[in-house]
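Two complexes follow with chain A in common, the first pairing it with chain B and the second with chain C.
Moving on to the complex of A and B:
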């Protein structure tokens, strides 16, 4: 009897201690590169070395004073915005079709739309670079253009939007949609005026996720951009290969801040929608 | 009948933008690459149309390429096992914790998902070398006598790889755990099963599908990446992804780069098919 009690008492305590130790380990593991980068971005020295002896905002000034880096940031934001628009529009329309219409070969089409998400970036980038390398549209080289990078990034972003929106459309109360039809609105008007407002949180979230994916991606962009259109992550990768300076840490922080700003927008929107619902 | 047909036409119209993107910018390049991998590559030219199995032959006979394929598979298997084990433990703990802890830990787990791979690489790049944080911390604690460097080792490459794939594994497994009735664990304990037995007899069978999906996700991702292992690992750590990039951007050998890419495509397809076949019939998870 006492043996059983001892075992039942001992093991949970040990498991609890193990669990606590594991949580400390995993939180440290995840936060180490984040904190190291944040600390290093305020370093005054030109070298990456610990301990840090002097602090300053020198590298932030340096970042914003350098046209090469601000241009890369601008390029990143333009490409990410384009990706968000392309993948949100195409993903939402496809999800709507899957939810509300009879589609032949549904499973095959589903797999086809999702497939690029599972392909390595290096394969997608290489394929597009080879296929569209020499193609010109109206005298402008497609290769090296921002449009091509936007579409390449959409190969990853669009399936995600599609998946998210398919789940969102499933929560819609379609009696309201039918009512709109009955009152004489055509399908397009119904979609824009009735359905889209009902799923606005899903739309905003998927657009911002698409934006974030494009903002962070750099392997496809490495294959598809040239000096004038290169994105911030590409420039970071190329300069890491030559020499690491605290400027890279600043670039990392700025990239991360942009992403967290997007996340904040999603959360604010979500809270606003919740309030609206509870008020009604 | 015509109403049905009109509906199908509308559906096709709605699907058109997505299909154009997938077919023209994914389907076409894949076919183009498959064809390219059989083209000739005489000196100093990108490629010359032709038909040869030379490049695939090289992949099977040249020790550099067979070595890279072996390295890629080995790295992917080892990193995926580690990721799944850590992710499983993490998800299990978060599942068992009270809600206020849960939100905090999920927030932490989201971090690697939201940060660019290049920023993650750079973060570890400042942690591992001689003048990095690790060496400084160990030195100040008196645990080592001289500066140490773990940079450019396979260990550093693993740390980076696991970091990037961990959140995917974690969220897949957490969603599986959330579908399990917690009372099953209590019931098993009340019936006298020690924790390990409960784990083996109750939890493991219930989470098998999630484990499979998490492993294959992580495997597919690790197989295709090259930035993290090539930036953090030793110079000799050549993966297929690294060789693709080298052949394409450095040596301008398009057919060989295409052939290497086809190896990756086939690898991804093989893992997806294998995962499907190992999955229980009733599971509706999409891989």
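Moving on to the complex of A and C:
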């Protein structure tokens, strides 16, 4: 009897300890690469190497003083912003149409829209490079332009937005939409004033996910950019081959921070909406 | 004709696949009239309302508002306003913004718009709630905002789509009274859909009883209750007992051919028929003496309903139940008389 009781008391402690250990492992596993990069970015030395003998901000100064690196960052941000706009607008409209209207071969179409997500970046990058290699618009080469990279990145971002928004639109109470029509708002007005605010968390998440996807993307950008339009990941890869300075770690930290900032915005917005919709 | 009707339906028909949801419905609503569509679920009452609001397309017939055909217009071009079952308030807009919405769409400009919002919220007694969000309101308050939002645009006709069915009983009774008061005060024209006959009887100028996509009877509530046009209306409105009887050459029997002690003032038609009585009109035992129609039956079981005792009686295969205030002094198994007046009975073949 006492034996059973003792064991009963023992088991939860064991489980709790295991659970805690597992959580520590997961957190460490996820965060260590980022933390190591963060630490390395403050290294005073000229090479990425442990142990760190002296600390400084000199590589941050170096990064922001170099036009090559700031241009790459600028390129990355412009392309990511463009990708976010293109894929959010098209993804949301497609998802709304998909949710609202009878469309033939809906399931097949859904798979088709999702297909680019599963395509290797090399395949898409190479395909786009070959397709648009010689195309000029108004005397400007499409190949190597930021616009082409935005379109390429949207191939990945748009399906994601579509998937997210399709699920979000399903939660919309259609009576509320009807109420808007009923009170005299036409479909466009209703979409902008009623539907979009109801799914604002989804819209913000979509835009930021698209932004992050584009920011992180490397393979297609490598295929499609030239010296003037190369993105930060592309420049990092190129410079890693010539000189592995802590400047690379600085670039990594900047990319990682941008991603964290996007996630933080999503969280804040979500909490804000939750507070608005739930009873105080 | 154009000035006399707020709304007119002419042989309206709507099918979903092979199912006829609304079948040849004609109806007109005079200005200031409150017409209720009453029927069981699937009777076509909500479909009819959605046809008027423009959320369903007509397969045949015509709909006119103030004499003008509107059945080809989308919902946002129709001068109707619907109060939905769920309220369907805009969750991200405040109470005032919800009420303002229809006015903004109708291009009512600032000073007047604010005045009409104030009026509408005053009418539904929600002053001081302007800046609340729908999630901060109770179910009853939400429906009052929905009502204010629809009233504010002053539509040619208000459409109520079972607005009280999601609320609990006491709130339902309270809001029902409030809608009635508002209608008496403002004299708006309205179509009200419900499956609750209490609501229909209490609020309506006229009630249209619907079944299988058709209007079975349309009349004032008292007329519907006291003079049901057919068997469906009789059984749907109020409680009723049904006695399936058969009249042979000489005697009245149940459907199994067993003779029953049934005395009627007017003789039944020959063959099978169904005799309906309102349980509230039945008199029991001593009180049944001297009534022209009587049935002798055994007490099967007795239910205690608070104010009433409900006596379930059996005579052969016939079953009736009758309500009596307090016990009648007979127990289960006793043979007693049930009596009723001829005007409380209907016979259908």
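Simple rule for what comes next: the second predicted complex is superposed on the first by the 249 of 280 C-alpha atoms of A that agree within 3 Å, B and C clash if a C-alpha of one lies under 4 Å from a C-alpha of the other, contacts with A are read in each partner's own complex, and residues count from 1 in each chain.
Heads up, the rule we're going with is that a contact is a pair of C-beta atoms (placed from the backbone, for glycine too) under 8 Å apart; a residue touches a chain by one contact, two chains touch by 3 or more.
Just so it is clear, the model here is predicted, and its values are computed rather than measured.
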| item | value |
| --- | --- |
| Overlay on chain A: chain C relative to chain B, clash or fit | fit |
| Which of chain B and chain C A:182 touches, first, second, both or neither | second |
| Contacts of A:173 with chain B and chain C, given as first, second, both or neither | second |
| Dominant toucher of chain A (residue count), chain B or chain C | B |
| Chain B versus chain C as contact partner of A:144, first or second or both or neither | neither |
| Partner chain in contact with A:123 - chain B first, chain C second, else both or neither | first |
| First (chain B), second (chain C), both or neither touched by A:276 | second |
| First (chain B), second (chain C), both or neither touched by A:198 | second |
| Smallest distance from any CA atom of chain C to any CA atom of chain B, in Å, after fitting | 8 |
| Chain B and chain C footprints on chain A, overlapping residues | 187 |
| Residue ranges of chain C in contact with chain A within the complex | 53-55, 74-77, 80-82, 84-86, 88-92, 101-102, 105-106, 133, 135-136, 149-150, 153 |
| Of all residues in chain A, those that touch chain B in their complex | 7, 11-12, 15, 19, 22-23, 26-27, 29-34, 36-37, 40, 47-51, 86, 89-91, 93-94, 96-97, 101-104, 109-110, 112-116, 118-124, 126-132, 151-152, 154-155, 158, 162, 187, 212, 215-219, 222-223, 233, 236-237, 240, 244, 248-249, 252, 255-256, 259-260, 263 |
| Complex contact set, residues of chain B against chain A | 4, 7-8, 10-12, 14-23, 25-30, 32-33, 36, 86, 89-90, 93, 96, 105, 108-109, 111-112, 114-127, 131-133, 135-136, 163, 166, 194-195, 220-221, 223-227, 231, 241, 244-245, 248-249, 254, 257-258, 261, 264-265, 268, 272, 286 |
| Complex contact set, residues of chain A against chain C | 173, 175-176, 178-187, 189-190, 193-194, 197-198, 200, 276-280 |
